[in-house]
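Order of writing sets the labels: A, B, C, D, E and F. Residues in every chain begin at 1.
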Amino acid sequence: MRVGVFICHCGNNIAGTVDVAKVAAETRKLPGVVYATNYMYTCSEPGQEEIKQAIQKENLDRVVVAACSPRMHENTFRKTVEKAGLNRYFFEMANIREHISWIGEDKELNTNKAIEAVKMAVAKVMNDKPLYSSSFKVNKRVMVIGGGVAGMQAALDCADGGLDVVLVEKSPSIGGMMARLDKTFPTIDCSICILGPKMVDVAQHEKIKLYAYSEIEEIKGYVGNYQVKIRKKATYVDWTKCTGCGACMEKCPTRNAYDHFNFGVAPTRAINIPFPQAIPKKAKIDPTFCRQFTKGKCGVCAKICPTGAINYEMEDEIVTEDIGAIVVATGYGLFDLDKFPEYGAGRYPDVITGIQYERILNASGPTSGHILRPSDQTEPKTVVFVSCAGSRDKSLGVPYCSNFCCMYIAKQAILTKDHVPDSQSYVFYMDIRSPGKGYDEFTRRAQEDYGVKYIRGRVSRIYPKGKKMVVRGADTLLGTQVEIEADLVVLATAVISAPGAANMAEKLHISYDTFGFYVESHPKLRPVETNTSGVFLAGACQGPKDIPASVGQGSAAASKVLSLFSKDMLESDPAIAQVNINACVGCLKCVKTCPFQAIKEEVLRSGKKVAKVIETVCAGCGVCTSTCPCGAIQLQHFTDNQLLAEVNAICQS
Amino acid sequence: MPDTGYLPKEKVKDFIRELAKDAIVHVPCLEGETVVFRPFSEDRELCLERPANTPPKSIIYPQSETLFSFEHKKDPEDHQKMSVELKVDIDAPGTVIFGARPCDARGFVIYDRVFIDTDTPDPYYKKRRENTLVVTLSCAAPFPGCFCVGVGGSPAGKEGTDAMLTEIAGGYIVEPVTEKGKAILNKPMVEDGSTRLKDAQQAQQKAHEAVKNPFAGGMPNISPELFDADPFWEQALSKCVSCGACTYLCPTCYCFNITDEQVYGKGERIRSWDACMFFHFTLEASTHNPRPTKFQRFKNRVGHKFVYYPEKYEGAIACCGCGRCIRYCPVSVDISEIVNDLGGGGKKEQQPAGSAKND
Amino acid sequence: MADKEYAYYSGCSLEGTAKEYDMSLRLVMKALGATLTEPHDWSCCGSTPAHTVDHVFAAALAARNLAIVEKMNVHTLTTPCPSCLMVLKKAHLGMTGDESFKNEVNALLDEPYEGNVISKSSLQVIYEDIGLDAIADRVTYAFPDLKVVPYYGCILNRPPDIAQFDDPENPIAMDRVISALGVEVRDYAFKTECCGAAFGVPKRAMVNELTHKVLSMAIDAGANCIAVACPLCQQNLDLRQEQVNRAMGASFNIPILYFTQIMGLAYGFSPEELGMDMLVVSADHLIRSRMPIEEYRKMKEAEAAQAKKAPKAKEAKEAAKTEES
Amino acid sequence: MSVVAEKELRVVGFLCNWCSYGGADTAGVARFKQPTDLRIIRVPCSGRVDPLFVVKALLTGADGVLVSGCHPRDCHYTDGNFYARRRLEMLKRLLPFIGIDERRFHYTWVSASEGQKWQQVVAGFTNRLHQLGPLHAKKENEG
Amino acid sequence: MSTEKVKEAIAKVLPDVETVICWQGGFDAIHATPCFVSSPEQIDKVIWSPLCAQNLASYLPSMKKKVGIVVKGCDSRTIVQYMQEGLIDREKVVIIGIPCTGVVSVKKILKEIGHEAVLDASFDGSGSITVRTPKGEKTLAIADVCPDKCRTCQYPTPLVYDHLAGDPITSDKPKESVYQDIREFDAKTLEERKAYWEKELDRCIRCYACRNACPMCVCQDSCIAETREPHWISQKLSLQEKFMFHMIHALHLAGRCVECGECDRVCPMDIPVSKMKKKINAEMKELFNYETGVNPDDKPPMFTFNVDEVKIKEHKL
Amino acid sequence: MDTINLSEKTDWEFIEQVQKESGQNISLCYQCGNCTAGCPYTNYFDYPVSMVMRLLQAGQKDIVLNSKAIWLCATCETCTTRCPCEIDVAHIMDTLRIIARRENRVSEKDIKLFYDSFLDSVKQFGRIYEMGTLLMYNLRSGHLFADADLGPKVLTKGKIHFFPKKIKGADKVAQIFERFQKRAKRHG
């Protein structure tokens, strides 16, 4: 065997704390290694060129690169060795950057550890076997989960690109958070006016199949061939008959149903169409409030409906869709007021959240766009905005910035002045974060043109005093405590991951961070991909994002799907399980533990019973390999012998 | 110097101590309920009452031994050049096997023909054999499964022995067999035993008569037709579980395997016992195995001992009748019964176990 | 009820200025079936002053008492005084969380503390261990006119890592306990605002202002009584109420009762037994307003019967409206 | 070459590719300093870790073995770590029975975003091992 | 419980099966050996007595045709476990169950009689065995020479059978006693346990009798103790490799060992091979309330999981 | 305020000392001001809490230790409870008092005197002798008639004892004081 080893300096990233020349010198002493060198940037083009030349010149048949994490560049180098004529699996990477040079302080120890890491990689590569992938057909349908602006953009772009799209939205209408906003910053244009046409496009696009009020039940399969079970939740209204006339809503006797769309600013009816521009514009019954369900009698809507669409017996329905790729655009959630007992947490009606205020400002909202405070429906003259209500607060488990609150507070303060010219707004802030195009000018305008008072400091307590709410905070620039007697307090509550985000991630087999936001493949270079091939991210499900960023990512995800589907066949990863039929005793324990049902029983001509791997279904986890008592089923590229070679390299030499 | 010695019972330990001065003395020791050969040391519990569970064969012919170690060395000047450095080290210190049974000693004679009396003697075995003194202890009575007389042995047979002890009242008569063995009469604990040699001979005779010969004709006689009849083997061995207890406990089995064990350019070539009862025995690299079933493998075991070996070595049977394979077989496969059945002669009489009156 | 056994660390104040807290607490606990045993020869916990000297020293003064309790046959200590509680818990948590700190503290002590005592405020014991049902069951008197705001003070529930009880910002244990007695509890925004008691002696002017806020917020909330669970708070709000009136030109006359006194009154104990006469701001008019519970129930039933017709009519009207539209 | 005598112990880590290996990368990117003893073997999933690897390592020279995978419910392969959890717990309980201190074997869950936790795991486990000292008598040619 | 009843049952079953697996007398009076009865005239040599310690169920997975089998209560757990793991086709097995009050351990008898050759042996029907050797006669209570498993036997009557040769009996042994020995061993110090295994395993000769006699060792010819692909252990006879082999054995039986004690019984070196497996079983019981070979519908714990494992707590550093 | 030359006047050792003795990481503070906003005593402080934190970050030992703020803090724990960065601010204030006391820098003599009187009582009797503490404080502070108006109210209610109640183990408590003093000397 002729192994070549390439040790990367990564500029000073590795060479700064690892003696790379020594690593190369020690590597040369290893049996099997015929060539070892160190290089400034191995991943650069000249660096890769050097590998190719060495393969040819030194007649190398195995290559090890000691550099950064294989999660970063394994694929890069696999392609390099492949171009030089080697099988791409005759390549191993030793991670001497993330796992060594960046975390160890002692150069001697780091260098020694790097040498050992190379030794392990050499041991592994000498046990590597050539592997060859096979190809399979792709189902060129895409599913978009979430009908907010990001999901809609992705759906429209995919559909315009000629793909069949299945759009699944869990609430009764698409539109998401953007549909609830009044105006958008920094242009102050009407949110629904620009979103509405897009919603209509989605509804009318012949390539888009919309499942509203539906949730993902189960996802099986792999890139190119997913089977998704969708739960169509019971609306108790036959949507094929419902015309969206709204008669039922008008007549419904239950007037105290919780209005999810308006975040409970005002009550709604038990049967309702969430908002006038809803797509689909169909009614649905909320059985937790409907008298027919709670008391067993009423039937008013059934009587009044001109098309006879009401069906109290309706049940959830499960449908299955076969698709090839998934765009996840499940959006975000908002911190509960409950988290702020010192702010009066739901006890005081005039302490509301930013999104609730958005609905109050909105012309189609419960107050028809008149700013009226919830407690007594009077016009507030003093409005206090509290930014970072939960955000950047370790003690509440949200250490991150919610990204767009600074901007919408400025917008809301401006709108308040527009609506109530004799009002005065105050904004408590820690830092004004407005790095977008035209953003900082916007927050300046709020202060310069609209007289909004910005107070640098946090609010410690809000309590009622007569009809006013006393907001006590600090002005750290003045170095004092300050108090404002406000009529209305708006909290810019922290952006959190969507409810059920973790559960959805588990169904999708994608990872999520501590806060429930989905993790992209690479924070810079692969921002819309996930580690599960065929699953892409769009919008705030990946982290707090404003509208332009969400739309941008929606389009980006769509372009990823389109490029994935530009081929008719996909290549399978050959690093999957393989059965040695001579060793297999047919106990089929692997069948029991395979998470993907990728192993089945096969009877050989001799009558011998053995396990057989279904190549396209196997995902390469290796649970079978560690289940098999006789080592007959081996996960390729991570076989027992390959891992033992690494263990032995550490323990026995 | 007398030809016969006498070793009083109470001096046995002193005697071993004396021997241990210039050799490693392997003695049968009690460990729990098991008797095993262990290098003598003061804290060992000697057991001469019954044969050891394992024969002493591994002392001369270890279960696994390093034939040589090797290391890939790189030329410091030109790392593309590599050489392999070999190291051979035959570990053969002066050794005494004390308290082996005559059958155990006879096993070494069977090995000697293979490993020493040939054009290419095995240096490892030979060196150890030459450096070892075998002091046997004759058996006073048969033990479960014993049948040495059926294969030409005896509870007091002296083949392969350097000196033999025979228990009589108060101690042991010491009979040297070889020149090497004679030397032990010089040890201060050994008294003159000439006058009591008779007692020992009587005991030996008595023991010989007590051993049952399982073979109808006195000696095993195998019918070639039956030997090659698969159904016979299939029937006889259906209960065998294919473990290696019989061969690893056998003082005459010597099949071995050679493997290289290496980690990172350093390693050893190892010779280790093989057992024809295992599937991996004679398994070819192509995954073909000429003996794929357990009865074929067992046939090899019987064949080797009673047919092939005798054919090659002038009729010598490669079985010493120690009975361990019967005694320790998980399913009580009885080789003597099988050999007897192969003779085609009258069926061996049923042992009375079945008639145990339990109801 | 052998399971409700506690080592009772009253704290120095309850031997002096807060004697009535001690009296009422003992009565109420006994009535609810809890046994309080005073640790033999306990000493002062050191309170805030010790904490200005040294962490180890402060913990040692507290741990001396914990060590005494550890040798008793009970594992839970209860103290009515939040200041004592915090000091004891700080010492306990510090010592159990850090072996070297524990060794340093124990080096100052004759008997080492091993870390096996759980400390709870008396309010926590009443709220969690005894429970609202048991509290309500024992009630024999009602207070139709009483409107209470519970004042928890600064350190009964804070910081949450140490208090490990109730919400630090909007605690509700005392609210619920008093509600369970059938007494009206008013929502009160200043439940946990500090009254400044610690500086009552050296910084009077400062304390006057803080106390004033606490009192006026209670009046704003419509209360005619403040319930407290802290001897320092009580002393500050009650004893100094007149000082506040004088300094701030106010005219407060609101009784400050230990919540245990209210419980005792509801359970029918006499005002003397509960030390009501030790209050500076008299609560006599409140005591006079109490009535036996049966009487009260009858009165309510009568009221309810009278009010019954009205809502029915309203409902009918509403139904008609629905039909129309 | 091997571990640096006196300063280091032999610690073998099996990390799943998706979560814990990523978590170790995240720790590296964030420059969270760690002891250098650990040698990492990358496996696709903690479910790939046959407890025998742990035994093999501990018997042949490792002073400690660490296995880390995705948090339960968060497995890239859905169920892999559920099997791992059972197997490794079983092993953890068996080791002391055969005379190996169970503290020498640790299994845990670290996600790709938990760089800080990874640092704590490595530091905590390595410190624990240093407190326990080496498991194997020093070989003659070492040092 | 008599041999006759067993013979009757075999005669009844025989026409329906290829062969019936049962016991006959062995090479001496204290050994029984398996026999395969495939014609009525062979029934005569069948025996049933406390000598019949061997677990015959081990032969079942290798049987291709329909067979009959005679099992004791303990042996029946093997069959149940086979059913759990899908290793046999229940349709192809006719089970003759025997209620059993305990068998004898040949090793213990030999110890009592000083390892003398046995001339004769008989049972008196009241729970004792009388063994005659050239040195005389000795009567031993079966309770004193039974294998350890009989002392804590919970299932004297087979858990699964088609014919029962005798009346069912119930266990009088306390359930807690089953893992008493394990808990006692747990109480030893780490050093004591280490020394214990080093001493015991040092005697191992890697004959694999324990493995081959084990009913649950499914690999048999493919055992990774001997393969090079994968290459887990070498053929070197070091303590380390012996340890490794026994760990392979134990871990492959994790939550599968039916505690039949065959491994202990067959070990020529008297190594307490079953102990590690029993330890794991004790933990499986504790962790998952799982007992091997009791309920055919159970799943062996290592081949399944719960999303929330109530008993598995995350380990702190 | 004068220009602070941060290159010269940053007392890094002091920062370290406070962090070590309090066990808190001072750099976690990002100056949101929540502590100041919630502190009941802010109005009386010469430096609001958040500024004390900032001064600490800047290593301004003299300003911090000479401040009144650290003595006026009553450890009401509001700041600790609300700090979004989970800093135990009250404990830092505690620590600063300890350091200031050690270095004999007490800006609020009355408060320290009150504390000392309190502790003297503990040392002498094992428990607090309220009357004695008050009298001792009045004597030392020179505020001879502090709270004299309250006297009659309390006395008539029988709440205050005229004579100290000494516990049996008072000497044991005193020993804690002594051992501590010895230890403090040992550590310098």
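One rule holds in what follows: a residue touches a chain if its C-beta (ideal position, glycine included) is under 8 Å from a C-beta of that chain, and two chains touch if they have at least 3 such contacts.
Computed from a prediction, not measured in an experiment: that's the story for all the values here.
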{"item": "For chain D and chain F, chains touching each", "value": "A"}
{"item": "Intersection of contact partners for chain C and chain E", "value": "A"}
{"item": "Per Cα centroids, the chain farthest from chain F", "value": "B"}
{"item": "Centrality ranking, top chain (CA atoms only)", "value": "D"}
{"item": "Which of D-E and A-B has more C-beta contact pairs", "value": "D-E"}
{"item": "Chain C-chain F separation of Cα centroids, rounded to whole Å", "value": "25"}
{"item": "Whole-Å gap separating chain A and chain E, where each centre is the average of the chain's CA atoms", "value": "54"}
{"item": "Geometric centre distance via CA averages, chain E-chain B, whole Å", "value": "30"}
{"item": "Junction residues of chain B - those touching two or more other chains", "value": "none"}
{"item": "Chain D: positions in contact with at least two other chains", "value": "51, 56, 60, 73, 79, 83, 87"}
{"item": "Contacts with two or more other chains, residues of chain C listed in rising order", "value": "168-169"}
{"item": "Arrangement of touching chains [line / ring / star / complete / other]", "value": "other"}
{"item": "Interchain contacts (touch definition) - all pairs", "value": "A-B, A-C, A-D, A-E, A-F, B-E, C-F, D-E"}
{"item": "Partner chain C, residues of chain A touching it in the complex", "value": "250-251, 253, 300, 340-342, 344-345, 347, 461, 463-466"}
{"item": "Contact footprint of chain B on chain A as seen in their complex", "value": "28-34, 36, 119, 123, 582, 648-649, 652-653"}
{"item": "Of chain D, residues touching chain A in the complex", "value": "1-4, 7-8, 10, 12, 17-19, 21-22, 24-25, 27-29, 31-36, 39-45, 47-51, 53, 56-57, 60-62, 70, 73-80, 83, 87, 111-114, 119"}
{"item": "Residue ranges of chain C in contact with chain A within the complex", "value": "167-170, 187, 189-190, 217, 220, 322, 325"}
{"item": "Touch list for chain D against partner chain E, complex", "value": "51-52, 55-56, 59-60, 72-73, 79, 82-83, 85-87, 89-94, 96-101, 106-109, 120-121, 124-125, 128"}
